[in-house]
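I've put the structures underneath this note.
Shared between the two complexes below is chain A, which pairs with chain B and chain C, respectively.
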Partner chain A sequence: MATVASAEQAGTRVPKPAVRRRTWPVWRWMVLVIAALYFGIPLYAGLKFAGLKAFTQVTSYPQFGSSFVLSLRLALIATVLTLVLMVPTTVYVHLRLPRIRRVMEAITILPIVIPPIALIIGVLKVAPGFLISTPDLLGLEYVILAMPFAYRSLDSGLRSFDAKTLVEAANSLGAGWPATLWRVVIPNLRTAMLSATVLTVALVLGEYTMASLDNFQTFPVWIVNFEQNSGNVSVAASLLALFVTWLLLMLIVTLGGRRARKHGGAEVALFSVATRQTTQTAGEAE
Partner chain B sequence: MAEVAPAAAASEVQASGARPGRVSGIVRAALRWAGVLPFGAYVALGLAAPTVAIAISAFQDSNTNAATLSNMDAAVHGTYFTGLQNSIELSIVCAVVPGIFGLLVAYAIFTAKRGSALRRVVVTASGVFANFGGVPLAFLFIASLSTTGVVTGWLKDISSADIWNPSALYNVNGIFLAYLYFQVPLMVLIILPALEGLRPAWREAAQNMGASTWQYWRYVGGPVLLPSFLGCLLLLFGSSFSAYATAEALTGGTVALTSVQIGALLNGNVIAAQENLGYALALIMIVIIVIVMVIYTVLQRRAARWLR
Partner chain C sequence: MTMNAAAGTEAGGSARRAAGNGAGAPVVLDSLSRSFGAVRALDGLSLDIAPGELVALLGPSGCGKTTALRIVAGFEYADAGKVTVDGRDMSPVPAAKRDMGMVFQSYSLFPNMSALDNVAFGLRMRKIGSAGRTKRATALLDMVGLAPQARQYPHQLSGGQQQRVALARALAIEPRVLLLDEPLSALDAKVRLQLREQIRTLQQRLGTTTLFVTHDQEEALSMADRVGVMKDGRLEQIDMPSELYARPATTFVAEFVGTMSRIPGNYQGGADVTVLGRDVPVHGEHASVSPGEVDVLVRPEGLTVEAVAGGNGIVTDRTFLGSLTRLSVLLSGDIAVKVDKASTAATELVPGTSVQVSIPGTEPVLIAERA
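So, the complex of A and B:
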């Protein structure tokens, strides 16, 4: 803890903990305490405001069930489509068209920066009638929203092993593309696919803007609509949503981290829009 | 690699098994692009087409579809201009304040050991709050600072005079406070990789030459980090500029912010004559975001010079 970055430093220099320890902790602990208070107090307030009873009540409302099922259905559609679309594309770009990687990065960052409120009204303008009448349109559009996370997880996953050599080896042993993808690439991408999946699921379960403009009562829309009946229940449902997502992510990061230490792969990245990978590619191109 | 030079082509033939030659070269080039076709088609339909539709509708009359500038004109006057102004001001404040605080938190985490529990908790918590907080967040703030909120109660106990005016939660100030809740974690997540790019060797070199901590940050760390930091501020700007869910859930759609105004214009209960005004506002948002992203890309390229 005393060194700035233990792993890198250990080899180059004997760390001098005494020097560092004197200068860091004061402001460091101050910052962390302020952050903990700022983030902890609303959570505590939420728990207290909702009261324990509200948590048991949440599940008893019929619309809780239907809205949650709708959100799960959208999450399933979005996740399956995201993986089916993004895994082959990312692998293909990585292996066969590496020079358009920057273009891919530029395209896949767009859904993060284009305001969802603008995107959804455009979508509702152009989508054919049979899609507008079903909530599945949201599932299709969530694939676009999840693209930045999915692409970056998969891309950094592909960088963590020597895909090119493995694929060439598989091909020269007579494996076709489907077999190579299924039996060589995908097993190596498991962590990346897992984190892409969790990020997509979490995104869909929490998405409000598009669903509310499309007038379908997904889980977050229900939470907001329900406030008129009971503020406590809305707060309780919000806390449940937050904690479930948090647990899911903790699980993934822990599992991914263990896997990474064992197999030397990449750590699970949670939000890698401006990661070192991006700057690395830019650096390579120069 | 695009020009299929014989040597390069030959080396790539092994995968597809085709013979080298001009015609098969063209066919192969076409086949190569076919691999990204599904992705391209999806993006064209799900992302490009809606954007084009917004741009067209913004310049059409809501009733007659005739070409007109009146939507754009209305979008930059009166309450909608106020909304734009509020959105931009709020986003600047919501970029700078969380940017600085998030940098400090990130640095505190960065100096903790990699893989330590503290780091894991903060990073995953940041992931949750930054990306998926929208609606739940608004309710946490209602629970804390509304009239019957828990923190409001504490403040009343501390002082007989009302330090906190609960109605302030439902305007731009309250939104600022709530936005911090996802902007700070977002900053932590996006600045961490840049911090990790600062090489310990640079610090050691500076120390060996007798530089103080201040001098290291002034002449080495600061300048290297600056483009990344500014780039992150731009992303934060974009994030709070685009945000809708928190503001909508917190204020019930009453606050004058562009995203909320678009929602109000197109939420079904619209005055039909103003529908395309919503598209005009959306187009303005997109244009502002595009400008921000162009600057961001330039900064990223500068950052890449040192951080790789």
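So, the complex of A and C:
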């Protein structure tokens, strides 16, 4: 600054740094427009088919509310259980058993590989009686279904910071494992946990096969059943569900992103978490 | 109060008050051994560190210095041997209960906490009340000159600032032992130099027993009371920096610490070795070398060089080091040596100049089996 000021005082013309304008080439606009049309046209068609009146009617149907609340409840159960089970497991594997990481990846991919129908039949055969008649069983099944996504989010979150050194630093300062996990690991894993939450919630709110085979009327099941009676109201319900889910996910992402930005962390991403940015000033004045 | 050269006794007192009365404890590493599969990282390492002493472990990558530090910290276990602090065996004590402050190579500040909260973390773990830990953490940050940055998060601090916060955090718990795991190696040269001086000044004022691991000999020699040179999991030599440089115990130490040239000589088993046409006394510890053709180890300042037509060497390169210029000279027989010359007298010694390299023969030299 001093150099610039003295140069200006001496009448020397100091060139202003060129402002780099962010330009969007035509091909980017084209991709954006094509994607917008691809997603927008079906939504617009659905909206046109349903008509605005259907949106006011949809909430008046008796099972709309109960099925929606059931889906939210299942999303909550699945999310909480997924985080409670997967966070300590992933942290332990990452820090203490890094050799079995590949095995973990193979295990956690199984729910995607095995068809839901095989899963549900297996679960119904072995599940204890007191669970079979409650929606909690479905919540437990969703934990298994969400596992591949949650594990990958948490694993990439743990790779985004030097968890081993931070844990050792906390230990050297007198923190035992519970304090280290609660005060150091989990706060730095918040973004990854939010990603896992987003994926789990999105998965549960849209899951149909398991719920219908289990005979529970979740929101997606209700929509399919209702379609038999009234097509336009069913489409309105689908659009409403889409909007509510989208709103919920945006809320999670926005809240997570705000906190992450404050602490220099990564934005909430669904499958990967960007590496934490550290300001490094070369030749800094100490 | 900031850490600067002007700080005197009063500043030392303030620093001691800020960091508490964490008087250093004696540390003993007793015959530590550790293997990772077939690799023997430590092979019976023994080391005594006096209270308040700063000992640096210096060595190439894989020599076992970091393993030794991690065993002291409690992050690794020893297959054999033990670590005692103040006479107490630390083997059964977990890392969290050892009362040792540690500064890591990578910036290990908790990203979710401000600088102040980072420093206060250890105090929180010791159940010190909010007001008490804020006061103490503020004093520690002040001591390392970062009080204005107390509310900033690690990503808002530069590398040097982060390591100073890490140092304050390690000192906040009044550690009996301070462990430094290459804390300066990730910093740029200027910051490294400044932080090096700060750590040393602070350590001396507080009297904390410190074990410092580094692969940078300049750091080790300039900061430590004693430097231990390690090779293959063993301590080759531990001594004061000046002794280590002047009287290395082994050829490895001689060649690892500072610059050393090997010049062919003839040794007949007596007290002298013949090198560059002169009989030079042999360093006592190396009289066991078999008589015959040997290598004589000489530092750049142990040789003299003059421009002489038809001399025994030719200047191949020159490096300006300030008051000295280091000349690379190729002696007859393809022997490359380094020779220091006062820069004022070295102006004419450009590459290609014929020179006469001599050895004064007054200082004892090291000899080694011919490489």
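Definition applied: the second predicted complex is superposed on the first by the 207 of 286 C-alpha atoms of A that agree within 3 Å, B and C clash if a C-alpha of one lies under 4 Å from a C-alpha of the other, contacts with A are read in each partner's own complex, and residues count from 1 in each chain.
FYI, a residue touches a chain if its C-beta (ideal position, glycine included) is under 8 Å from a C-beta of that chain, and two chains touch if they have at least 3 such contacts.
Keep in mind that this is a model prediction, so the values were computed, not measured.
Asks: Let me test your reading of the model: by the given contact rule, A:T209 touches which partner, first (chain B), second (chain C), both or neither?
Replies: first
Asks: On the A-aligned overlay, A:N229 touches which partner chain: chain B = first, chain C = second, or both, or neither?
Replies: A:N229 contacts neither chain B nor chain C.
Asks: For A:P187 in the superposed arrangement: first (chain B), second (chain C), both or neither?
Replies: second
Asks: Quick check on the superposed pair: does A:D162 touch chain B, chain C, both, or neither? Answer first, second, both or neither.
Replies: Touch status of A:D162: second partner only.
Asks: Applying the document's definition of touch, where does A:N171 land relative to chain B and chain C: first, second, both, or neither?
Replies: A:N171 contacts both chain B and chain C.
Asks: Look at A:A179 in the shared chain and tell me whether it touches chain B only, chain C only, both, or neither; answer first, second, both or neither.
Replies: second
Asks: Is A:V126 in contact with chain B, with chain C, with both, or with neither (first, second, both, neither)?
Replies: A:V126 sits against chain B, while chain C stays out of touch.
Asks: More residues of chain A in touch with chain C or with chain B?
Replies: Per-residue touch count on chain A favours B.
Asks: Report, in rising order, the residues of chain A that make contact with chain B in one complex and with chain C in the other.
Replies: 168, 171-172, 276, 278-280, 282-283, 286.
Asks: Taking the touch rule as given, give the residues of chain A at its contact with chain B in the complex, in rising order.
Replies: Touching chain B from chain A are residues 1, 3-9, 12-13, 23-24, 27-28, 31-32, 34-35, 38-39, 41-46, 48-50, 85-86, 88-89, 92-93, 96-100, 106-107, 109-126, 140-141, 143-144, 147, 149, 168, 171-172, 199, 202-203, 205-209, 212-213, 215, 220, 223-224, 227, 231, 234-235, 238-239, 241-242, 245-246, 249-250, 253-254, 257, 261, 270-276, 278-280, 282-283, 286.
Asks: Could you list, by residue number, the parts of chain A that touch chain C in their complex?
Replies: 161-162, 165-166, 168-176, 179, 183-184, 187-188, 190, 262-265, 276-284, 286
Asks: Which residues of chain C touch chain A once you look at their complex with the stated criterion?
Replies: Residue list for chain C touching chain A: 73-75, 94-102, 104, 106-112, 121-122, 125-126, 153-161, 166, 169-170, 173, 179, 188, 190-191, 194-195.
Asks: Within their complex, state which residues of chain B touch chain A.
Replies: Touch residues, chain B against chain A: 1-2, 14-15, 32-33, 35-36, 38-39, 42-43, 46-47, 49-54, 57, 101, 104-105, 107-108, 110-116, 120-121, 123-137, 139-144, 148-151, 180-181, 184, 186, 189-190, 193-194, 196-197, 199-201, 203-204, 213, 228, 231-232, 235, 238, 241-242, 244-245, 248-249, 259, 262-263, 266-268, 278-279, 282-283, 285-286, 289, 292-293, 297, 300-301, 303-305, 307-308.
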